[in-house]
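Right, one structure below, let's go through it.
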Amino acid sequence: ARVKLYQLSKAGKLCVPAMNVNDSVTKQKFDNLYCCRESILDGLKRTTDVMFGGKQVVVCGYGEVGKGCCAALKALGAIVYVTEIDPICGLQACMDGFRVVKLNEVIRQVDVIITCTGNKNVVTRDQLDRMKNGSIVCNMGHSNTEIDVASLRTPELTWERVRSQVDHVIWPDGKRVILLAEGRLLNLSCSTVPTFVLSITATTQALALIELYNAPEGRYKQDVYLLPKKMDEYVASLHLATFEAHLTELTDEQAKYLGLNKNGPFKPNYYRYKV
Amino acid sequence: ARVKLYQLSKAGKLCVPAMNVNDSVTKQKFDNLYCCRESILDGLKRTTDVMFGGKQVVVCGYGEVGKGCCAALKALGAIVYVTEIDPICGLQACMDGFRVVKLNEVIRQVDVIITCTGNKNVVTRDQLDRMKNGSIVCNMGHSNTEIDVASLRTPELTWERVRSQVDHVIWPDGKRVILLAEGRLLNLSCSTVPTFVLSITATTQALALIELYNAPEGRYKQDVYLLPKKMDEYVASLHLATFEAHLTELTDEQAKYLGLNKNGPFKPNYYRYKV
Amino acid sequence: ARVKLYQLSKAGKLCVPAMNVNDSVTKQKFDNLYCCRESILDGLKRTTDVMFGGKQVVVCGYGEVGKGCCAALKALGAIVYVTEIDPICGLQACMDGFRVVKLNEVIRQVDVIITCTGNKNVVTRDQLDRMKNGSIVCNMGHSNTEIDVASLRTPELTWERVRSQVDHVIWPDGKRVILLAEGRLLNLSCSTVPTFVLSITATTQALALIELYNAPEGRYKQDVYLLPKKMDEYVASLHLATFEAHLTELTDEQAKYLGLNKNGPFKPNYYRYKV
Amino acid sequence: ARVKLYQLSKAGKLCVPAMNVNDSVTKQKFDNLYCCRESILDGLKRTTDVMFGGKQVVVCGYGEVGKGCCAALKALGAIVYVTEIDPICGLQACMDGFRVVKLNEVIRQVDVIITCTGNKNVVTRDQLDRMKNGSIVCNMGHSNTEIDVASLRTPELTWERVRSQVDHVIWPDGKRVILLAEGRLLNLSCSTVPTFVLSITATTQALALIELYNAPEGRYKQDVYLLPKKMDEYVASLHLATFEAHLTELTDEQAKYLGLNKNGPFKPNYYRYKV
């Protein structure tokens, strides 16, 4: 949806101001990184009861979602490989302790493939043909394009539904590949979203609408905007009480030294948040 | 220096185009997050031989440097608390498993204080007075303002230099607080910078200068710029070979689907990288 | 059951030789440490959809099960406290980065209590009275004695079954505590056991029976034995292929140097395995 | 020394009772696991300033020392491989997320080799010949036998001492391998031992001597004994105060239920402690 908005805006076809809430820092961290860190485990367990320890897993894509998946699986004893197209994300994967490989280098040895790229045909029929018996394929990315599921709907392969959201695709030699949610989003199909994450999302969306509604004429044109940093911070601050977290307040002297307002925003606009 | 540039620019006093290389993604990750993740351990060991396991540590500031320090110390068995002024960073600390506290809440119990805020007087004399005997105070942030060292240079306190970069500050009751590098940067004073990090920095700086020099007239005005994303990616790609990392190349079809050039840049300008 | 066997043996009432398979290294690591490391997450998610990040959790008991629970929850961003009666296990918890506390010190602040002690009445009514609204109580230890569930079955408290294995116990002021599996084992009631773990257990049991059956007269008396180390190693070796793990073989010279048979057993009898 | 004692005892040549303090749980955990977890990092940094992130490391041997080295390096972003002769330890390595390989499988790709086996000639000249330029070889195991250093003292190889404890061994084609401490123990030669660890060791030794001295005639024969569990627990309890750790005391009812004395020992004799 967000990509659509930018395309409309670029084409001059956006007829109202729009907020790209998806890229507000708070929402993005929770929807993607923090939520997926947990839901990859939850989704795999509920569908397959697989043990994570010792499993070889390849995660395609090392963005927020991929980072969350990799961190969780590594922490539970899986051996994780990463594929990437972007050298910066690739270097991050290296520094986090993951070997960066092409999918073909590990396709014969991995027990699990997880796609989180936003791309299409990241896992092809040719690669699925070379996977091990009993291996698991699933998608944490977007829509249902990442795994070329259509290529598996051919006469020589048998599909067997073993439980809700779980298909065994059976090759003529008896090899089975376990496909989850028919290649749709595992985190939405086979896991749940904690209420805490929903609260972050809903708060962000509500504040964005209020901002657009209340903004004085002229503040927003027919374009796509990021949520003002201060409101992003406000969403975060509303959720700190849950953790009994106590923020430190700047003294007057410190605020002056840093050139900041004591109530925020606390970061310049060019600041890039990270985990 | 970077802050200075933006101030000059704002004041209209910048007389040439400038690159803010410090905020280029690749350099920043290495200078701050990845480098500090290692140098906090190295700096503490070389100066104090302290055992990390079981120690209670408070890290002031959860930006890149703080995140690196926290991750390393947690991994080695320390119990880490975080102080923050920014609710977004505070929430990140919560999600990473750190209690977010005011310094005064833990000052009497911690074994180590590490400042990484960029702020001044983050640790005051009043707080130093309440620390435990044998506790360690050091700074990983910027300049030497974070710990109010001046307040310790009073007649009732005795300073004892126990080895290079290590002072015992001794209270009248015999309590000793171990001050490292007189409050200057621990990572520069008491640790080393790996050649790999220097290579990232030098490459980034060189490419920025080449870009400014080669750019057609008019591309850059008397302002501060971030390194073009594509060059940032180029720095990263030059360093991947060290890790035998193999990037995946987009197919023509995939590049078209994503609306990307096969050679990058791979992220839109509004993209915020994270660990 | 194991404890019973030793009691019978001590009382001279054991009428056949018995193998304590529960304490064979391979089985124990999988049944307890490795399995619980995953099933604590699985059990909590399936019953409550709770988000782990930032949650304050107290784990009562730092044996194999407790160690597994603590490692998994810490890795996913929870803040974990430990209670222990044994100073050795307590010191291990310190070195692994957990604060060792009495339950009463943290009872008012924790979001989740997990018992793994093998003891009774580890969580009392008095403590349940002081827990926060919405907190979760569950048992990963043994039988159903660890939480004093009986004390909650009193007229002033209302029980509401919200889904299978999940009860809300409601105090007169409206406070709800979420009790899982009525205090029975979470890992058995609300999670699944991976087939890999079952395979380890079944192999160990089968080999123990074969050993007792085939043993020459007199090797085993009416007592409780641990599985011979070599057979324990055999169970492990049978399961390595799953991970494409390749063991190193000793050269003749090395075997002689170490005083070991090239085929094992590889550890002296007094060896204590650890994670 | 410990092995010697058992050999003497076996040969009937031990003329006094002896305590195997090395295998007392508390001392062993600290001398091996907890201490090496930190000293592998410290030793490598002080000698080579190597960056850990992204480095490929092979650790030979997955006992206490190997487990400590692996955990620390993995936590700091290294990619770690393990070699093992013992299937139980091999399976533990798998479950902890390490690929178990033969040294020859990875010798050409690793940046660092660390030996922790207690064996001899674990790294041979033939393998050193195949290592990458700039790779590091060191020993955390025992004595100086693990790396076949003698094989490197041949005319065609040049040794260059680049700083204390650091030699470059130079092949005719210019390849350099960095040998630390001439193959002696890195943790003793190039790192320091925290005072906390020394305190554990000294306390254990002192208590063992006191026990042998005070024991009534006949309690100990001319054999090798492990420290009584209760004294091992006592060593641990003396060190808990450092961490402000608070043990839980059993109620009378609980002690009776568990069949334990309220003051310990808390574990049966057949109990195997783990991390």
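Chains: A, B, C and D, in written order; residue numbering restarts at 1 for each.
Criterion: a residue touches a chain if its C-beta (ideal position, glycine included) is under 8 Å from a C-beta of that chain, and two chains touch if they have at least 3 such contacts.
Which protein is which chain? UniProt says A, B, C, D = Adenosylhomocysteinase like 1.
All values derive from a computational prediction rather than experimental measurement.
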item: Most remote chain, CA-based centroid, reference being chain A; value: D
item: Pair with more cross-chain C-beta pairs in contact, given A-C and C-D; value: C-D
item: Interchain centroid distance [CA atoms averaged], chain B/chain C, Å; value: 40
item: Intercentroid distance (Cα basis), chain C paired with chain A, Å; value: 33
item: Length of the line joining the C-alpha centres of chain C and chain D, rounded to whole Å; value: 26
item: Shared interface positions of chain B, touching two or more other chains; value: 34, 53-54, 76-77, 94-96, 99, 243-244
item: Chain contact topology (line, ring, star, complete or other); value: complete
item: Residue numbers on chain A that touch chain D, as the complex places them; value: 53-54, 74, 76-79, 94-99
item: Footprint of chain D on chain B - complex, ascending; value: 34-35, 37-38, 41-42, 45-46, 49-54, 56, 72, 75-77, 109, 191-197, 242-244
item: Chain C residues touching chain D - in the complex, by the definition given at the top; value: 6, 20, 23, 25-26, 28-29, 33-34, 64, 67, 83-96, 99-103, 105, 118-121, 145, 226, 232-234, 236-237, 239-240, 243-251, 253-254, 257-258, 264, 266-268, 270, 272-275
